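In the two complexes that follow, chain A is the common piece, with chain B as its partner first and chain C second.
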Partner chain A sequence: MKLAIKLAFRNLIGAGLRTWLNVIVLSFSFVIIIWLKGVMSGWDQQAKTDMTNWEIGGGQYWHESYDPYDPFTFSDSHSPIPGEFTGEIEKGDMEPYLIAQGTIYPQGRIQSIMIKGINPNQSIFMLPAHKLDTSMTDAIPSIIGSLMAKNLKAGIGDRVTIQWRDNQGTFDAAEILITDIFTVSVPAVDQGQVYIPLDRLQSMMGLEGEATILTYRNSESPVVDVPGWTHKPKEILTAQVDEMIKMKTTGQSVLYAVLLLLAMLAIFDTQVLSIFRRQKEIGTYVALGYTRRQVVGLFTVEGAMYAVFAALLSAAYGLPFLAWQAKAGWTMPVDASDFGMAIAQTLYPVYSAGLVVSTVLLVLLVTTVVSYWPSRRIAKMNPTEALRGKIQ
Partner chain B sequence: MKTILIPILSTCLLISATAQDANEILKRVERNMSSDNRIFESSMIIHGNRASRTITSRTYAVGDKQSFTEYLSPAREQGTKMLKLENQLWIYSPSTDRTIQISGHMLRQSVMGSDLSYEDMMDDRKITEIYDSEVTGTEPVDGRNTWILDLTAKVTDVAYHKRKMWIDTERYVPLREELFAKSGQLLKRTSLSEVKQIEGRWFPMKVIYKDMLKQGDGTEFVITSVKFNQSIPDYIFSKAALKQ
Partner chain C sequence: MENSQIIRIENLVKRFPMGKGEFTALNGIKLSLGQGEFAGLIGPSGSGKTTLLNIIGSLDVPSEGSVTVLGRSIGALSTGEAARLRKENLGFIFQSYNLFAVHTVYENIEFPLLLLKYPATERKRMVTDALEWVGLTDKIKSKPPQLSGGECQRVAIARAMVKKPSLVLADEPTANLDAANSHNILKTMVNLNRELKTSFLFATHDDKVISYLRRKIFLLDGRVDNDIIISN
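Let's turn to the complex of A and B:
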């Protein structure tokens, strides 16, 4: 085996440009596959971290009627905050949310909104809820996301009229004063959402002490079975991110396959050409006492060594590139806010050792198989014919 | 002389109106405005910022609880149908050949860009059943004497907590109406005109709706023909009729 590696190394170096062209193509596949997988992994981490910080905390309890995908349920999705959670709420480890539907009239235009009541002293979410000045009486203090502000063409200090129907269905209207605008990559927290103090919304709706969603801080908190409320652990709330990443990864596999196919085609061709041109050499090996299996092994090692060279070349230029990407991130050329997913405009790839090792092993395995495939012909060669260089 | 007469006449009118129960006035208005059923064709003129659009339709209505509207023009809206049964509303769109139920936030959207929202079409109880009314004054509107009625909700599950109506003192037809939020903010204003006597009742043929929170000149609703108490087959008020 040691001799096979030595011979393979010499043969590859001796082949010159042909070897390096193969190695360069294969190294591109290495770097691109690792980078793309890193981007997906970074997106996964970023989306889940942002969702935790801005939307779902460590997990939630939903009112049993609440279904974010069914507007029919919204008007009935509220009930008094269960006594079981009083302690946690007082400690600030759980925050109630009340959700109501409404309409906003920016510059006389009409837009549907979700009005969310949130505790101004909360510390679970990164929402700047402390900017909800509760001492204000002539307007309702509110905070909105930057996308919402863009849609409304509104800024900090602007007043906009909102209209809603209370729990009895009676129309009511008032002015909100935008006290802060935040930037977030989770669309569900931004688009069409207006945040106002919880007690204000409860009184507007005639739903004092009631909530739609209860969010807790610590995902390790023991689950309490409360009638009328459904527990939603973090894994379920982030399932859509997992599904999206799974779908995108499947789509990207096609790209990996195309990249590998190109590299493998080059290696396959090189191997076929080698076996065709090096028949005398094969005959000599056999004459010197090599078994046919050993000769096949020699050629297979030679082919697989392309992957080793490519890995080394990838490390030479890929490591600085991948490290720079992890720091600078990749900014998507299209506006990510329209995706409807928790996705930041700039994604920072995250590379794990498992990701790099699995990619190297995958490429090495595929290269070995592709190298072995044409080498099998050697086993069928007649050694004397091969020694004479006769085409078989 | 004229300046003295008008306040005197108005005061006399107010005294007689107060004497005449406000509820009684509203009942007489309902007699004019309501019918067992009606079939009417109408034009809805929506005044936008740049241009106006006219949408014509034919409506079959039984009381205030059931109605079926088919849009006749323009070509883009032709064939669109809307069915209201009690508190449910469906819309059929011929371009997609699909029927969707309007619910939740969609009810708050405007009907074809007009100043009317879908939920404005959903309240179907009699005014006298849900409001306490009081005659608070008189005022001429479009050259006609009117009583001003202030209505305050006597039930909690009502869309508008307060309403103000200007009722023609002779014909018992509302000539103007204002709808207020619980906070007292004026939300909508309706002006009714071109009152005609049809089949023994006075009926306004033109209504201008104005969403006071929205920009624009409002939406004109002109009834081009109306027939009361016709025989309307039951199948019209079914979801199956939407696709026919």
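Let's turn to the complex of A and C:
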């Protein structure tokens, strides 16, 4: 094996440009596969972090009737905040949300919204809730996301009418004053959402002391079994992101496969050509004391060595590139806010040692198999004809 | 110089499939070669010279009869045993040199020693010696495409001789060389035969080679037609 490695090294270095062309193609595959996987991993991490910071905290308790996909459940999805949580809420480690369905009338248009009542002093979410802590009598202070503001064509200081139904089923309307517009990569926090102070919404709805969702800060908090409320751990709440990433990863896998296929095609092509072109050399190896199986081994090691060279070349230019990308991020050329999913405009790839090692091993393994495949022909060659360079 | 037998051939027959039938390339060869001989298989194209050389070199096997090289029966050797015989005891010189084009002269000559797992320092000494035998010490870093035909064949000789094999098999070694280079090469081989006591067996129909042989084995239609030993 040691000798095969030494000879393969000499043969590849001696082959010059032919070797380096293959190595360059293969190294592109290395870098792009690692980069794409890093982007996916970074996206996954970013989506979960943003969801945690903006929407789900360390986990939630949902009112048993609440179904985020069915707005008709919202009118029944509320009940008094359970006494078991009073201590945590007072310490600021749990925040109640009240959710009501409503309608907004921006500049004569009509749009369905979700009105969310949130404590202006909360510190679990990154929402600028403190902007709701404004004393005013003629309008309800509210904050909205930048996408929502774009849809409404509204800015800070604008007043817009909203309508809702209270717990008795009576329609009521009031003006809201937009006190802040925030930017977030989690669409569920932005699109169609209007945030107002919790006590105002409770009062508007006639639901004093009631809530729809209770969000706690620490994901390791002990789970309390409270009748009428369903515990939703963080893993369940981020499962959708996991599913989405999994789906995207499947799509990306096709791209990896195409990249690998192109690189492998180059290796396979080189191997097939080598076996035809190097007949005399193969015969000479046998004449000098190699068995045909050892020659197959030598050619296979040569092929696998392309992957080793490619890994080294990738390290030379790929590591600085990947490190720069991890720092500077990859800004998408189109507006990511229109994607309808939790994706930031700039994604920061995250690479793990496992990702790099597994990619290198995968490419090495596939290259070895692809090199071995055509090399098996050598085992069937007649050495006397190979010595004369006769095509077999 | 010649004493113990290194090649013994009894009733060798070699047939190759041809169309629906068979072609007999060698037919009842009986021959022996002693250590230190400088002999040649002489005959026109198709007389069976290369086929016989290939069988002696364990690159091919007899259809019938027995071929014993250095005490080992060629027909009975496994692939691994045959490879070991070639690696340890035989040297090959080919008409078209068969050098590794991407390796340097040094690496080409070093190759048989790598197979034999000689330590690096010894390899270096042996390659240097071989380069001196063939007068190519100044071409150590050159690659075969940078050398003339004569130089290439001298590298091939050095590669065949570097491990000091018991037997060197040379198939038409001067066929691609001009007269001056041919004589140069042949003189080198004669010297090595004398100094290292290595046996040489040529396959040739080149008069220049024939003039250097001390034993001339004439083949015709796959049979030994004549076997002449030239006395000193």
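Going forward, the second predicted complex is superposed on the first by the 391 of 392 C-alpha atoms of A that agree within 3 Å, B and C clash if a C-alpha of one lies under 4 Å from a C-alpha of the other, contacts with A are read in each partner's own complex, and residues count from 1 in each chain.
One rule holds for everything that comes next: a residue touches a chain if its C-beta (ideal position, glycine included) is under 8 Å from a C-beta of that chain, and two chains touch if they have at least 3 such contacts.
Computed from a predicted structure; not experimentally measured.
Undergrad: Have a look at where A:108 lands relative to chain B and chain C in the superposition and call it first, second, both or neither.
TA: first
Undergrad: Is A:14 touching anything from chain B or chain C once the two structures are fitted on A? First, second, both or neither.
TA: Only chain C is touched by A:14; chain B is not.
Undergrad: Please indicate which partner A:166 is in contact with in the superposed arrangement: first for chain B, second for chain C, both, or neither.
TA: Only chain B; A:166 stays clear of chain C.
Undergrad: Would you sort A:199 into first (chain B), second (chain C), both or neither based on which partner it touches?
TA: A:199: touches no partner chain.
Undergrad: With the two complexes superposed on chain A, say which partner A:64 touches: chain B (first), chain C (second), both, or neither.
TA: Once the two structures are laid over each other on A, A:64 reaches no partner at all.
Undergrad: Touching A:88 in the superposition: chain B (first), chain C (second), both, neither?
TA: Neither partner.
Undergrad: Using the touch definition up top, name the residues of chain A that touch chain C in the complex.
TA: Touching chain C from chain A are residues 3, 6-7, 10-11, 13-16, 280-281, 283-284, 286-294, 383-384, 387, 389.
Undergrad: Note which residues of chain A are touching chain B in the complex, please.
TA: 71-72, 74-75, 101-103, 105, 107-110, 112, 114, 161, 163, 165-166, 168-174
Undergrad: Spell out the part of chain B that touches chain A in their complex, as residue ranges.
TA: By the definition above, chain B touches chain A via 103-106, 108-110, 119, 153, 156-161, 179, 181-183, 185, 187, 211, 213-216.
Undergrad: Which residues of chain C touch chain A in their complex?
TA: Contacts found on chain C: 50, 54, 57, 59-60, 79-80, 83-84, 86-88, 92, 94, 96, 98, 100-103, 107, 111-112, 114-117, 143, 159.
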